[in-house]
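Each in C-alpha cells, the structures are laid out below.
Shared between the two complexes below is chain A, which has chain B as its partner in the first and chain C in the second.
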Partner chain A sequence: MKLSTRELATLAVFGALWGLVEASLGSVLKSLNIPLSGVFLAAIGLIIALVGRVFVPKRGSTLFIGVLATLIKLFSLGGVIIGPMVGILTEAILAEIVLSLAGKPRRPALVLAGALGVAWVMLQPFVTGPLLFGRTAFVVWLDLLDRGSQLLGLDVTAAIWIVLALLAIHLAIGGLAGWFSWDIARLLQARQGRSIPQTLES
Partner chain B sequence: MATHSLSQSISQPRPAPRLGMLGYLAIFAASLAAVMAVPPRVLPWSAGLCLLVAALVYPSAFRRLMRLRWLVMIALLALPAVFFVGEVDRSLAGIPVSSEGLQTGFQIVVRIVVVLIAVDGLTSSVDIASVAGLLEKAGLHGLGFSIGVALNLLPSLQQSALNAWRSLWMRGGLRKRRWRSLTFLSVTIVSNALSRAEEIALAAEARAFSPQRARRLPVVTGRFDPLVLVVSLIAIVVAIMIV
Partner chain C sequence: MKHISKLLLIFIAISLAACSAASQPAAFEPGSTLLVSGGEIKKSYSRADLEALPASQADFLDVTYRGVVLSVLLQDAGFDPQQVKAVKAVANDGFTVNYDPAQFLRPDFLVAYAQANGELTDKDGLFRIVLPGAEGKQNVRMLVEVQVIQ
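Moving on to the complex of A and B:
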C-alpha cells in the first residue's frame, strides 16, 4: 500500500477523529452506563472510518485509520481499556475486508461494512471475556441474555428471539451508519470543493 | 579542562536503556500468555510470577491500578461469578456463596489484574513513536508521519469542535431539525480538520517530504532485549504446553 503525503494526512484526520471519539465520548458513555453505548460508539467510529475510505479509496486505508485510532486510544489519558482497543481494530479489519472485496467504495459496500463492524460489538465479549478476563463463554451468554431481556422486555427463556433481535438491532444500526457515511462523505466532498469521484455520483 | 570534559561527554555514546520496545512487548505477550493459556491450578503461580516481573520492570503500574474506577470494574466483573456459579455450599460473612464461584471469581480477578498491569506498564514504558516505528517496519509505511499529523491535530480538532458547537448553540442549538444540525456540525468539524491536514501535507511536500523516502522512525532497543525475548518465548511455549 503506497500512500501519498496528502493521503497520509487525510487518513490521520480520520484516525485522530475516531481516536478522539473513543477517548472522550467513549469514557463518558461508559461511565453513564447507557444501554447499547458500545453499539453507538462503534457506529460513530465506523462512520468516520468509512468516510475516510471514500476520501482515500485504496486498499488498507480503513485498517490504517483503525490502527491510528487504536494507538491514540492506547496512549490516551483515559487509561488502559483493552476491550475498546480490540474492538476498534477488529471493526476496522472487518470493514477493510468487506471494502477490499467490494473494490471501489459504493453505498451497498459501506452499508455491509458498517453492519458487520457493529455486529462485532455483540460477539466481542465471547472472545475477550474468556481470553482476557477468564469469564466462561456460558457466563458471557447469560450476561447477553440478561441484557437483551432487560432491553427488549422479553423473558429470558426466549433466548433465540432475544439473540436474533439483538443481532438485528446491531446490524440495522451498523447498516444505517454505513448509509449515512456515504451521504456525509458526499457532503464533505462538496464542502471541500473536491471533485466527487464517479463512484460517488451514482 | 571544562572543554575537555565536554568534548569527552559528547564523544561518549549514550548507553542503551536496559529494556527497549521489543523487550517490553515480549514481557507483555508473555504476561498475557501466562494468565490466558495456563490451567486454573497453575494460574496463581504464573500470575504471581507476572506480578513480580511487573513490580521489577514497571512498579508505577500498581499505583495506577488502585484507582476507584478500576477497582469497581474488577468487582463488577468478578462478583457475578461468586454468586451465580456453582452450588451454594458455604457462607462468607453471612452471605451464601459457592466454593466454585469463589474460585472462578478469584481467577477472574487475577487475570484482570495481570492484564491491566501488563497493558498499563507497556503503555507507560513505551512511547507512541516507537510503536509507530515498529508498525512501519511491519509494512504500514507512513504511519509515523500520520501519527505525527494526528497528534498535532488533536488540540486543534478539540478547539475547532468547541468553536463549531458554540456557533451552533448561539444559533439555537439542537432545538429544531436536530439531525440536520448534527450533520452540519460534524461536517464543519471534519472540514476544518481536513483543511488543517492539507496545510500540513503541503508544508511537508514543500520540504520535499516523501513517505517512501522518509527516514524510518527509530525503534528503541535495550541491552537486555535479546535475553528478555528468549525468556519470554520460552515462557509462552511453557504456558501453552502445560496441561
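Moving on to the complex of A and C:
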C-alpha cells in the first residue's frame, strides 16, 4: 500500500474521528449502561471508517483508520479499555477483508462490511472473555441470553430465538451503517467538488 | 435498492420498539428473604437464617460488609459448589449478573446482609453481593435471588 501525503492525512482525520467518538461517546454510553450501546458505537465507528475507505479506496486504508482509532482509544476515560480496543481493531480488520476482496468500494461491499463489523460486537465476548478476562465461555453465553432475554422480552429458554433475533438486529444495524456510509461518502465528495468515480455511481 | 434501505430501517425501528417495550425490567417483589434456587432445590433465607451461618467480612469501595461466603451458602442450600457451572445474582429490578467458578468460589465473595459497623443502606437493599476488586455492576445491590446453574 503506497499512500500519498494527502491520503495519509485523510486517513488520519477519519481515524482520529473514530477514535474520538469511541473515547468520548463510548465512555458515556458505558457509564449509562444503555442497551445495545456497543452496537450503535460500532455502527458509528464503521460509518466513519467506511466513508474513509471511499475517500481513500486503497487496500489497507480501513485497517489504517482502525489502528489509529485503537491508539486514540488508549486515552479514553474510564475503566477497562482493552475490550473496546480489540473491538475497534477487529471491526476494522473484518471491514478491510470484505472491502479488499470486493475490490473497488461499492455499496454492497460497504453494507456487508458494516454488517460483519457490527455482528462482531455480539461475538467478541466469546473471544475476549476467556482470553483476556478469565471468564468461561459458558458464563459469556449466559450473559448473552440474559441481555437478549431482557431486551426482547423472551424467556431465556428460547435460546435459539434470542440468538437469531440478536444476530438479525446486529446485522441489520451494521448493514444500514454500511448503506448510509455510501450515501454520506457520495454527499461529502459532491460537496467537496470532487469528481465521483465510476464505482461511486449507484 | 432504496426499498432495501427502507426495509432495513423499518426492521430496525420495529426491533427497537419491540426491545424497548420488552426491556421493561421484570420487577420482583422486594420480600424479606433471599431465594437460593437451582434444579429441584429452592430455599429461602431470611436475614436471621444468614446470620446463623458462619459470618465473614469483605470490602468494596472502602466499605466493609458482613455476610456469608457464597460457597458456604450454596453448601447450606444443598449444592456442591465444585459441581456448579455458574451462579446468577438477580436484583429486585430484574438486573442479573452471572459469575463463573473463579469468581463465586472466592473466599471473599459475600452475600452481605449488613455493614461491619451498621446496617445496609436503602440503596443496598436487604441483601447485596460483595465481590472485592470487581467493577460496580458485579456487586449487585437489592439482591433477591441466587440462581445456581449446574
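One rule holds in what follows: the second predicted complex is superposed on the first by the 196 of 202 C-alpha atoms of A that agree within 3 Å, B and C clash if a C-alpha of one lies under 4 Å from a C-alpha of the other, contacts with A are read in each partner's own complex, and residues count from 1 in each chain.
Basically, a residue touches a chain if its C-beta (ideal position, glycine included) is under 8 Å from a C-beta of that chain, and two chains touch if they have at least 3 such contacts.
None of the values given here were measured: they were computed from a predicted structure.
On the superposed chain A, the positions of chain B and chain C overlap enough to count as a clash. By the document's definition of touching, of the two partners only chain C reaches A:36; chain B does not.
Shared-chain residue A:153: touches chain C; no touch with chain B. Of the two partner chains, chain C is the only one touched by A:173; chain B is not. The partner that reaches more residues of chain A, of the two candidates chain B and chain C, is B.
Looking at the shared chain after the overlay, A:16 reaches chain B, while chain C stays out of its contact range. In the superposed model, A:86 makes contact with neither chain B nor chain C. In the superposition on chain A, A:135 makes contact with both chain B and chain C. Once both structures are placed on chain A, chain A residues 79-80, 134-136, 139, 142-143 are touched by chain B and, in the other complex, by chain C.
Those residues of chain A that touch chain C in the shared complex are 33, 35-36, 79-80, 107, 134-136, 138-139, 142-143, 146, 150-154, 165, 168-169, 172-173, 175-176, 179, 202.
Touching chain B in their complex are the following residues of chain A: 1-6, 8-13, 15-17, 19-20, 31, 51, 55, 64, 67-68, 71-72, 74-75, 79-80, 82, 131-136, 139, 142-143, 183-184, 187-188, 191-192.
On the side of chain B, the complex with chain A involves touching residues 32, 35-36, 64, 67, 69-70, 77, 80-81, 84-85, 104, 107-108, 110-112, 115-116, 119-120, 123, 128, 131-132, 135, 139-143, 145-151, 153-154, 157-158, 183, 186-187, 189-191, 193-198, 200-201, 204-205, 209-212.
Chain C makes touch with chain A in their complex at residues 1, 4-5, 8-9, 11-12, 15-16, 18-19, 21-23, 25, 85-86, 88, 94, 96, 98-102, 135, 137, 149.
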